[in-house]
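Chain naming follows the written order as A, B, C and D, and within any one chain the residues start at number 1.
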Amino acid sequence: MVNADRALESHETACLLNVGEKPARVQITLFFADRDPVGPYEIEVDARRTLHMRFNDLAEPEAVPRDTSYASVIESDVPIIVQHTRLDSRAAEISLLSTMAFPAE
Amino acid sequence: MVNADRALESHETACLLNVGEKPARVQITLFFADRDPVGPYEIEVDARRTLHMRFNDLAEPEAVPRDTSYASVIESDVPIIVQHTRLDSRAAEISLLSTMAFPAE
Amino acid sequence: MVNADRALESHETACLLNVGEKPARVQITLFFADRDPVGPYEIEVDARRTLHMRFNDLAEPEAVPRDTSYASVIESDVPIIVQHTRLDSRAAEISLLSTMAFPAE
Amino acid sequence: MVNADRALESHETACLLNVGEKPARVQITLFFADRDPVGPYEIEVDARRTLHMRFNDLAEPEAVPRDTSYASVIESDVPIIVQHTRLDSRAAEISLLSTMAFPAE
């Protein structure tokens, strides 16, 4: 399963929800306009838990570049739900994810 | 059928729409970052009616915690449509639901 | 085909897009919290055209009530795309549609 | 595959993401309320890259009209992901795409 979305601005966050009974191993890859993708960043979402991830906190394999547009692809070994959010003290914008199931086969 | 979405901030509401001819029995479960899920909260949406639900009004089995991020999974025994909204006097943000139909079989 | 969305506030608009070669006959039904649905309101979207519809302009079979929450179901005899928008001079909110294809059979 | 969305206001942008190994040849067609569609505008998104496209930069076959509502249909020869965004210095609105896969066959 692949959840894919894009982050156009800094201070991006993603809320990951794992409603299942098994932990989700999640891999995040960042795509850019003029360089090769970076990743995967690896995080885990416990069973029946949410995780509020800040992109700027991603450190390995390298810090997320600031002031650079990027897109992110979020892959999980179990189905999860991802909501991409940009926090703003005045007005928050919420981007929805186009979730595409890629048959594992 | 499962409609799943996440509420990251207080003052969240959900607008539920039941366009069918039968009342919808709806169960809401809240998921958290560091504790077990809470629920189900049970509400009913009459046939051919909308219901504007405020998460902070949910009381049983326990009040929705304030200042705590949570995600919600909304399940209904008949198909409904759910729109998740955060009301703000200056600018409202609307989050879309990833609606996943789980075959009842 | 049914496109369904909800309008929670006044000054709602919907942008309808018909990319096909045939005009789309569109029927809009409004749902409320405590009264029977109203409609259908009928509009037509020409082939290969967009139509910017203001809900408050709907007049037949009755004016859209102000200061009343409502949900709308938009049905078309040919596939169309609907974007629901609330115009605000400071910050616009955009709600996405959950589009459900009901087999015509 | 067809990604379709609508642009109701000026200063619209679209972020295109190609996670595949082959360049994506993308064609954009604009639809209007009272005139024939214009296009296709042609752009290419390199393999494993993002492209941040400003609608107002589209020049061929003709400049995108200002102060005119339009809808866009974005077609690609390989699957891509499109996020439609309106940039605003105070609050950005994000519209989601209704992505419809039209079997090529």
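General remarks:
In this section, a residue touches a chain if its C-beta (ideal position, glycine included) is under 8 Å from a C-beta of that chain, and two chains touch if they have at least 3 such contacts.
From a predicted model like this one, the values you see are computed outputs, not experimental measurements.
The two copies, subunit A and subunit B, are related by a rotation of 90°, based on C-alpha atoms and rounded to the nearest 5. Residue numbering shows that subunit C and subunit D use the same positions for less than half of their mutual interface.
If you average the Cα atoms of subunit B and of subunit C, the two centres end up 23 Å apart.
Between the CA-based centres of subunit A and subunit C the separation comes to 32 Å, rounded to the whole angstrom. Taken residue by residue, subunit A touches two or more other chains at 90-91, 93-94, 96, whereas all remaining positions touch fewer.
Against subunit D, the residues of subunit C that register as touching in their complex are 15, 17, 19, 48-52, 81, 83, 85, 90-94, 96-97, 99. Contacts from subunit D toward subunit C in the complex involve residues 4-6, 8-9, 31-34, 36-37, 69-71, 73, 86, 88, 90-91, 93-96, 98.
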